[in-house]
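Here come two complexes built around chain A, the first alongside chain B, the second alongside chain C.
Moving on to the complex of A and B:
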């Protein structure tokens, strides 16, 4: 009967992370002066279900730890304990600790016991500190208190120390009708019991109504259980912890020399258990609709992810962007990548569309049979319909991968809370457009850059309260995090009302660091761009929040790796706005097809600035450095595509005949010399690495309308490659 | 080396029969484990990938999958030939580390599927063969003809291809 529980682990982990997020949000929302009991309840429920799940899956350290948190929360919920800021901070710390424990388990790593112990001690201190001041409530038989009162459990276990010598326990377990509705499964409890010692169970089915009258959600069976072996009472009680309050329970020790007269033949007991099992499964089924989300495995993504932790030895010589992600980030990706939660309505829409496509296909089939020319109109109509349905289907499939950006945004209130209190600043975070949907893979990769940018705004942007008042601004600074769609892109803006960026200070800093020379004349925009240079940091002194000068260039690189770009605008004294433009999805991009000899390549439209015709005369040859041409005050290096890709040049591969595509990659401009521009189209990105390996200057492949393969150019990669 | 470990150290496999797909390449017969074969297609023009070793002919669209195509003649430095209507592409699933790669090999023609007893596979001699014995599962004599059985996982290993690329 044993079920492989590990198949449910992933779902459990996700639920845990969701629960933790809810707890964190709840804790941050708690206002000490005006406690909303519903918020505490939410936090409590989060802890409660994590404890339940981890117990079921045998992650006892998690269950034990959550138990202590739950105890503390329960006292707050009952009003037996004052909610203090200290307690909230301890709980927040515990939430972090718990999250780490769960991710360690998920990644099959060692749990950091010392950290857990430290947080356990913190929680214990907090708990016991009150236990002294308020006398523990009088002994209650109610099961509820046994779960939540540690003092109770301790006293119980001290009792059991005498009875430990007993050779077994007799348990009368009589669940109330609605036990199954609470999500408890007696079979699971029996399995746990049988792990403690030899279990014999006798089911009492006299109350079970006939099959027609039976309500599958009700539990009509009671049990007489016997567990043999040296088992402490509290271990047995722990198993029944979850159902206490939902059942009548009587646990009696069996004398060392038990009379085995009640022991029922096992063969008799087993079928009863089976009956009960079917009831339990029946009972579970009606619960499913309450969980409106479906887990879809994502083989594709995990394949990509596998490539990340590969040691650099197998990676190509050219630094692979993915490999460069620091270990923390790759861990984060591994953590969330294996599955996706999708709203059922999206799946329904998908199924609906597939149905439409099938209908259209069979209609076309009918037209195709005994085709005559007078059916041509019908055929055209059918094809038009098919086209529309295919497009809708594509849209629906894409929608499955879309997640609201609140998945990323929801972490920031905590970040702002922690950092602003550390810095002694008063900061309010406004979230706008949290429901804007964005591709899951983008969601995963955008988190770290955003964290960095927000930290920067907090640390460098917003002034200290005193300075703000002096500048005539409200004491509390505002950071607005805003997401919205604009023309097939998603825009994320981080707007602060701090002191803005000082162009002259930026230039002075860059000169001092030797990043630019002091005669350079820069526009405002160019000056702001300086902060993306590696090794640039304007913070007067390093703090642990920001200012190590390694951040912004990485931020920009990560965003460009996603096919996006980042822009800064700032007004001295009034604040800074950082706008990130991202493609809606990583699976499709807008591309410009270009011809080089007999080959067709795709240049991502986002990186193209303009396309121009130039003649041989306009070229400047730089000795040993190739060719450049002058485009409005800038010298742009030319990359002759047929040379760099060893393609047989055609008659148009001469300067003057062909076209220069001016493209930008990581802030560097280059002119790609191609034979011709062919047309713009949306292309589906296929990975070359999936079956082959990375190729310099190529970011992937796609399939053209005629079924042939075209390679997608990677502009920054081309620049690096041509410089070699 | 490989042949040793595979043929001798695995007693269960001793009397097993394995099926091999045999094909012609420059007048020689070669064989690959049929379980590695995904499909056989006629030759069609492929898209050239820039700056790759010459034996990588390019990539092919296989129902939405981008699949690299390896010319075994060039890979083994055999005499080159023109592709014609008999030229086939054998699409293979290559296992490397924990992942599976789909790759195609170009062959002059496919011949037959043979049932071969694992016992009858002979160790490849260390010299005298046209290809490196590292990439061979072993040799098999069929009607007095020598068939070279290839170890696909080693031959088409992406790391291997890269190291050859670096040599060039």
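Moving on to the complex of A and C:
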């Protein structure tokens, strides 16, 4: 049977990456002073699985490479090898190398052989550094070759002396009592022998106890077997391979064939002895009163053997073809793959919901069939149910796209490990809320900003150990990476216990760079926000770790592109917290629809603080800066929507008639002046950029129930836009 | 057709084994580790168990030991999937009651051929 193995490759690759991640995490967790055997075991298992799979699926270079890693890890596991930091670093490097190899294979690119060779050399050096303690592998290999070689020679010689009908093997097989308890069954083995050649068997039952004493689970019979035919020894040996140690076995070639060449002298001498012995036992047998039974038994066995249809040597061929077809198809599918792994319980929930929708639909169908006005109530009820189910269904579908944020977080221990050792700082990374779920597309896009922020915390936030001690803090700094849900958002916080941000230093720097003028008075928050300005960097000297200060504005832009925002709070001397708020999904949002003239716009519900009605008199006009109004000691700028979008104002577009929607974007409040509030609804976001082009102040569009298109407002964008 | 329980913590290997066996007409169920396998084996009688050795939660050797202790699995063929370097593992498996082993890496043909040794 040939099965196209490529259909399993995708799964295998994914598994490899998971395995590598587990190995990496394990390696980072290893404390050389206090080795946890379970951690080593996990790392070993990762290498072991990758090796097994890559061998099976034909990626021999991966298999060879992991083999060395496995050997090294095996020795660590058995305590034969000291776990050193050097070894850990080499293994970490190998994990990286392996990851590259596998992604190259996955993308059908050339594997970087020189890199592989280098890591192989590193591993070899580490492995052979204590050469004395590593004899097993080579030893085993040689043992195997010793076993196979003679049999090959014998098979060769038997081939040369073909047509010799007399050739065959005589097998004395004497199972121990417990043979059956391993699930091995002599009958099956005899059947296999009978496939090799003509088999005759003789059962010796003199050791079978009387019925009263007999334990049916024990094997009391031994056999003398003869297989005739041109059969290589190793094929016979293979059949008895599994019962080695559970029986006494003696395999001898049957006479006339000259097996002089290589066969050791012992085996030449033995046949004679053996024949004598069997003659002796056979001679004894007739005296046994149970002889008739022997014959019956024997007959049964041989009948069995004959009755078994020559196991399908031709039959499998047809299924073969079918399998090939199938696998060809699956290959096509695999190639498209950007796959996602989904918890089965989520799919079950989905199927359940679909069932509910179908039921509701058929119920509505029934109502509609002979509709009379008295069925209106029923119809309304049905529609309400449909609405509920659709919402649940939608939720379930969205859930399928949700991934635990550990997909992102799991990369950071390595990052922190590498960077802190480079910086000479002692830093512990704590991960909290790794199971918080977030949309797959957000997962993909949030990684880079997080890497940047964490690097910043490592580099600028946490102090050198000596400085920490001087400041009365523990030598080891802590960075906490925390994720949790709040409202319709997911919040990711990066909390460090470093020296915090110095407001005055930030301001001085910004002034020096000409980003603000020195007369400006800033709140703490505004001062922290300075780091998001393009071209701002406070590190006294630039390092290769957190770069040249070009990053933070990009980080902020990326997060805002995801519909999120970023906030900083800091306490000088105690640390900094950076909080990122992100929407749970990018595909659907809860919106407030508002009317402006004849148009409808959607304001994301999360950005709305409140909606109020004010009169013209409450407005303050500020020369050159538009209008504001006072809301509980705060002056809020007003954005007249019909003006900004150039919509024909309606009768309600006068202050006093319309409504001010107070919304927040990036910590800045603004009042969106609209004609009316229409209602809240969930809207499916359609990209405007993909269908048209980017428009300032608009984050996307959606299609309303009546088929018309409504634009979704981007509040921070609107604020920026209106300030221009 | 004979029913087989395939136990492996690696999804790709499990899929490969399952696919191969199913296309040969066997009735196959999967388990992800020893604990899962033991549970499945107790809820249904299998004619053969094929298990990986190195697995989290419960390894293959322990699984075989546990299964052999159950009356229904006293004589059931149980095969371990093992790497060539694991001679001690083979023996350890045998001591625990394994019927035999399949050496990794293997291809579908080898798997089916080996399986024929224990299933009629």
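We take it that the second predicted complex is superposed on the first by the 388 of 724 C-alpha atoms of A that agree within 3 Å, B and C clash if a C-alpha of one lies under 4 Å from a C-alpha of the other, contacts with A are read in each partner's own complex, and residues count from 1 in each chain.
Just so we're on the same page, a residue touches a chain if its C-beta (ideal position, glycine included) is under 8 Å from a C-beta of that chain, and two chains touch if they have at least 3 such contacts.
None of the values given here were measured: they were computed from a predicted structure.
Scan A:180 for contacts with chain B and chain C and give back first, second, both or neither.
A:180 sits against chain C, while chain B stays out of touch.
Name the contact category of A:708: first (chain B only), second (chain C only), both, or neither.
first
State whether chain B or chain C is in contact with more residues of chain A in the superposed arrangement.
The partner with more contacted residues on chain A is C.
Counting only touches as set out at the top, which of chain B and chain C does A:576 meet: first, second, both, neither?
Neither partner.
Identify the partner contact of A:644: answer first if only chain B is touched, second if only chain C is, both if each is, neither if none is.
The first partner, chain B, only.
Is A:607 in contact with chain B, with chain C, with both, or with neither (first, second, both, neither)?
It touches nothing on chain B or chain C.
After the superposition on A, what does A:106 contact: first (chain B), second (chain C), both or neither?
In the superposition, A:106 touches no partner, neither chain B nor chain C.
Touch test for A:56: chain B only (first), chain C only (second), both, or neither?
So A:56 only meets chain C here.
Kindly classify A:12 by the partners it touches after superposition: chain B alone (first), chain C alone (second), both, or neither?
A:12 contacts chain C only, not chain B.
Considering each complex separately, which residues of chain A are in contact with chain B in the first and with chain C in the second?
Residues common to the chain A contacts of chain C and of chain B are 316, listed in rising order.
For a test of understanding, state which residues of chain A touch chain B in their complex under the given definition.
Per the stated touch rule, the residues are 303, 306, 314, 316, 599, 644-647, 686-688, 690-693, 695-698, 701, 703, 707-711.
Okay, in this complex, where on chain A does chain C touch?
Touching chain C from chain A are residues 1-3, 5, 7-9, 11-12, 14-15, 42, 44-45, 48-49, 51-57, 63, 67, 70-71, 136-137, 140, 144, 180-185, 188-189, 191-192, 217, 239, 241-242, 245-246, 308, 311, 316, 319, 322-323, 326.
Please give the residue numbers of chain B that touch chain A in the complex, ascending.
Checking each residue of chain B against chain A gives 45-52, 56, 58-61, 64-68, 98-99, 101-103, 158-159, 161-162.
Using the touch rule from the top, collect the residues of chain C that touch chain A in their complex.
Residue positions touching the partner: 9-13, 15-16, 19-20, 23-25, 52, 54-56, 68, 74-78, 81, 83-85, 87, 91, 94, 97-101, 104-109, 112, 116-118, 120.
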